[in-house]
Amino acid sequence: MAFFLEALFGGLMAGMLYSLVALGFVLIFKASGVFNFAQGAMVLFAALAMARFSEWIPIWTGIHSRFLANVMAFVLAAALMGIVAWLVERLVLRHLVNQEAVTLLMATLGISYFLDGLGQTIFGSNIYPINVGMPKDPLMLFERTFDGGVLLNLEDIYAGSVAALMVAALSLFFQKTATGRALRAVADDHQAAQSIGIPLNRIWVIVWFVAGITALVAGIIWGSKLGVQFSLTTVALRALPVVILGGLTSVPGAIIGGLIIGVGEKLSEVFLGPFVGGGIEIWFAYVLALVFLLLRPQGLFGEKIIDRV
Amino acid sequence: MLYRENGQLKTTYGADQQIFPIAQDRWLIWALIAFAFIAVPLLADEYLLRAILIPFLIMSLAALGVNILVGYCGQISLGSGAFMAVGAYGAYNMLVRIPGMPLIPALILGGLCALAFGILFGLPSLRVRGLYLAVATLAAQFFADWIFLRIKWFTLDSPSGSVSVSNLQVFGLPLQSAADKYLFCLGMLAVVALLAKNLVRSAIGREWMAIRDMDVAAAVIGIRPMYAKLSAFAVSSFIIGMAGALWAFVHLSAWEPAAFSVDLSFRLLFMVIIGGLGSIVGSFFGAAFIVVLPIFLNQILPAAGAIVGVNISTAAVSHAEFMVFGALIVWFLIVEPHGLSRLWSIGKQKLRIWPFPH
Amino acid sequence: MNKASANLATVLVMLVSSLSVSAIAQDKQQYFPLLTFRTGPYAPSGSPWANGFVDYFKLVNLKGGINGVRVAWEECETGYATDRGVECYERMKGKNGGATVFQTMSTGITLALTERGMADGIPILTPGYGLSASADGEVFKWSFPIGGSHWASADTQIQYVAQKVGGLDKLKGKKIALLYHDSPYGKEAIPVLAARAKKHDFELTAIPVSHPGVDQKAAWLQIRRSRPDFVLLWGWGVMNSTALKEAQSTGFPRDHVVGVWPSGSDSDVKEVAGAAGYSAVLVLPGPGFESTIAKEVREKLHSKGQGSGPKEEVGEALYMRGLMNAMVAVEGVRRAQEKFGKGQVMTPAQARWGYENLQIDDKRLSQLGIADVMQPLTTTCKNHMGPSAARAYTWNGSKWDVSSEWLHADPAVLDPMIKAAGDKYASEKNLTRRTPADCQS
Amino acid sequence: MSQKKIGDVVLNVQDISLRFGGVTALTNISFDVREHEVRAIIGPNGAGKSSMLNCINGVYQPQEGSISFRGQTFKHMNSRQVAEMGIARTFQNLALFKGMSVVDNIMTGRNLRIKSNLLMQAIRNPFSIGGAQKEEEAHREFVEHIIDFLEIQAHRKAPVGQLPYGLQKRIDLGRALAMEPQVLLLDEPMAGMNLEEKQDMSRFILDVNDEFGTTIVLIEHDMGVVMDISDRVVVLDYGKKIGDGTPDAVRSNEDVISAYLGTSH
């Protein structure tokens, strides 16, 4: 029982992080119809930037408060993601307007390769720490009720709540701000949006920037847990089933989907895994999403598409 | 003035329908085949054969398969690596478990395993399109990674999980020297390429392209999307599977699931994009490009660096490789969505009307 | 910014070295290809290892080469991927008058190359890793897991655990979990540990972690459930630090986690706050910041800005391993020269004899300046591994402390397994065991 | 006006209703189509004309009603069956296979009739081993007749994407004709054409109707054309049928005038 709770909880926390990455997918897809395969690369790129800047800033400026250094690093990294967003719009999207989704998907594949290479060229390919002062040690609950107690992970809790905050902030941004509304308009209908004078290009830059920020946050959380390293890119592959499950166009979908996938894969791994040799969580998540896909092609909250002839 | 079709009048539809309607092309292709089969084994050295030509041939085969699915039928797949893996392990099991199983049937059986696997994971394509399908095929990728890693039966319980084949034979002839292996792969490729070309220029090929271009219209003229898509998956994964078996048997000779990772799937997709979606010859261009590029960069970048006085570490080179790949993909998608094969045909067109501009 | 400046240094050095290599291209040189991986998930392990390699070769050349024969080397990036490794092998085996020997730096690549090595007549050198069965020199004529293999690691690892609990007999009824990298490397651990488990009846549960090893949450949940007495860590690259972080966050005592050499380098523990108490059993050399050879590298290379990596890396476990790998490669050639002619460039076949008749005793080790971190190496035709010695090191939060005597892999356990595996391989590939006559060649 | 004998009912549509979620596209539409006649469906934009054809084609599945063809009645159609029964169709907004040449586009219309299986096609060869090549040539010959009929010989090998709109419309028709249909559904075959092109197209339609005796169901905006070439007309408005009869009858129908002629031009 205690163990089940732990697995469940671990799953929820992992799910929160997945949904944070998934959110990046959804944002971009809503606003530009692009299935951004590069989200994972952006996470790595942003995290690398954060890690290295926070390491370099003290050397450059002689500031030694870790807090300040982190803040400045965050700002710099964010700015960098802004530049990336701008360049992507300039060099790629702009030239691929009204192409089929699949072409755009491949383009983002290209972008992700490029970012992977660039990031490691600039920032190096070792493991780099991000230290934002997350607590590392576990927290024991109900030690009386269950033998050994239920282990909670403070770091996970922090991470989870940051992710939750991020999500809340984004939904606010979408609902309340003018830009947010513009984004929603674009999402609903490109031509219409353009015709009422919403500048598509600027919107896209903004969206990719926002996605970049989510990537940065996700990168920081994962980075401070595991250290920043090339293998962060796999995070994106882990978040794909989430998007499928939740529906490409739905923010709440990304959240719920994330939690379902997170819990699903962890529980499957710890309870089914041992019987089949373990390591099933990755494909389990995918197959889960796949089965779901067959039942409901548009995903949990996605809109149904009717094609006209 | 050499490359002209004047005076080559077609008197039958048969003549008009042949693969190379222009005489010069026919001569060229025969010359090329002769060169590949006779001259290359004599001229090329061990290194060229083993490190470049054999991988190129096998990857062309795989790219051909991917192109049928992605290029002709428009069903994007990120799981090609999985199909190769299934082919490889399928063929391996056939070869090892069935005593006296000859090589070529083993390869074909391996292909058939991949075919079954392909159809299974092609089923989602009946319900979902494009992006969603891409993700569905990723499921195939990770599932394959897992079964060959964790289910000991497939690897004959080898403790290391890595398997190997040795002293292969074709019709009793040993397949040892680089030249033999090269010729074997070349033969396979030639045959499969011809069959594939026939398919794409026949009714089934038209069904695939119809589904790709406008599936509703296709359905209305009586094309069954299910049959078209699944047959594309079947043919494609069969070819990819055989390529996988060749890759494992002939090129690697000892391998582990990691040899067919999602990375390979992406590389295959890149080959098709760069080479040219929906073009057989494009598959060759793409494969050549992706196979040679890393080696090229490995040779050139350090040299270039040395000239300007910077030394490029191997790490830098492979990072550069990432960037070049990425940049090229985007560049091709933007500038020449039909890839190298289009550039090729444009060139031919120019040559045809040369020296007159119009 | 030190890393960057280090990079710059690297750049310059490599330039110099490359020039020097090309410069001496005409006079006699022994060509050593390197299958390194400085990128991808395993770069953290690959880089220091490769740097040690290269630095040693530089030293050899500074000291006038191998009896006058200069060392030429070339790196080929494998990214720890088997197929890339095969490509590299094919690419380099014929270059510069032929590769002397290949060091695969990856068990997966070793498996792919073992047979090619036999076919092409190029020795495959895997000190401390590779295909454990290839210690059987009568079957694996061209493979050399000199001074240790993964089986040796596993055996010494168990011996250290036994030492912690106070004797092999105390292992009885203990629960031991093996957390391994799900690759040929990680799987090599299982047979020996299983044999040991039978022998001392402790309970062994093997928990695989898939490539690249960043998500281990589920694995550690399992560990937390089964509450083993010890966790044996067989990680690689980024998997190691992740494992230690997860251990901390699931509250598993780090001093009950025991690693092997691929999990025992500074990059695995440096950035992990709670890694203190974790110990690793390192077959062959351990960290040696104060070793003579490390000092030598610092003054002869780094002080002249010619070091391959960052200066503070010199002496790290994996860096020392790189030095050792290169050292074995060179010493083999030196030994071969004694037989086939001093100052000559050795063919792969001649070098093979050298590796098969290696005699690196304490005296030689101290001449080489590496005596204080490793034990002598000897190989014979029958036994390509020779005696294998390992020592446990414990991370105290800032550095590794030696925490055991030299542990020796127990032939009583390994030899029968090696013999059996050798026979199995021989029958599969229908090879015949080498005759004593063949051993003379 | 073609002087041909109108046969009895081939296609009969009975109270078809079609909804997308909340939106109702068609409500209780019924009409019949007689052999050899030219039957027009008219109505303002969004009247549900195309939806009607899509139901007949089995592209959409109506919630209620049934469709019977030559006596067989179907709750809803399946595209494949429809095609096999000999109902062909052209599309309002061009639905050609852009990636393929003119010949290949029209050849797809023959696919239903191709017998040789995948393997035979794979081993297709000039030495008439296996029937594939022979079959291809036979169908190619038929297609060439259509190409002549539609006067597009010059563009045979061109990729359809590059051809002008008017020609593409013809090829769309050609693809349908290649199926040798008994009933031909034309969805605004003249939309966006200039006068000359329209004349050509109506000529083709009438020729098809006369020479092959093909029954034609026609959606068209241009009243002039409709009144000229069609024998009977159905009028839809907001998914309801508001008129049905000869052109003259429809022309004088009050509802139609108010709903349609009144509003549009």
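A, B, C and D label the chains in the order they appear, each numbered from 1.
Assume a contact is a pair of C-beta atoms (placed from the backbone, for glycine too) under 8 Å apart; a residue touches a chain by one contact, two chains touch by 3 or more.
In UniProt terms, the chains line up like this: A = Branched-chain amino acid ABC transporter permease.
Just so it is clear, the structure is predicted and the values come from calculations on it, not from any experiment.
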Each chain counted as touching chain A and chain D at once: B
Central subunit by CA centre of mass proxy: B
Identity of the chain that, by mean CA position, is farthest from chain D: C
Intercentroid distance (Cα basis), chain C paired with chain A, Å: 37
Chain centre separation in whole Å, for chain D relative to chain B (CA means): 40
Chain C-chain D separation of Cα centroids, rounded to whole Å: 73
Residue list for chain A, restricted to those that touch at least two other chains: 120, 125, 277-279, 282, 309
For chain C, residues contacting two or more additional chains: 38-39, 43, 47, 182, 208, 210
Sequence positions of chain B contacting 2 or more other chains: 145-146, 149-150, 216-217, 315, 319
Chain B to chain D touching residues, read off their complex: 12-14, 16-18, 195-196, 198-199, 201-204, 206-207, 209-210, 212-214, 216-224, 231, 235, 278
Chain C partner contacts - residues on chain A that touch it in the complex: 3, 6-7, 10, 14, 56, 59-60, 120, 124-129, 136-138, 140, 148, 151, 153, 155-156, 225-227, 229-232, 234, 238, 265-266, 269-270, 273-274, 277-279, 281-282
Residue ranges of chain C touching chain B (in the complex, touch as defined): 10-15, 18-19, 36, 38-39, 43, 47, 75-77, 79, 81-83, 86-87, 90-91, 94-95, 107-108, 111-116, 119, 131, 182-184, 187-188, 190-191, 208, 210-211, 429
Residues of chain D touching chain B in the complex: 57-59, 79-80, 82-84, 88-89, 91, 95-100, 104, 107-112, 114, 116, 118, 121-126, 132-133, 136-137, 140-141, 144, 175-176, 179
Chain C contact footprint on chain B (complex, rising order): 45-47, 50-51, 55, 145-146, 149-150, 159-162, 164, 166-167, 176, 247, 251-256, 258-259, 261, 263, 295, 298, 302, 306, 309-311, 313-315, 317-319
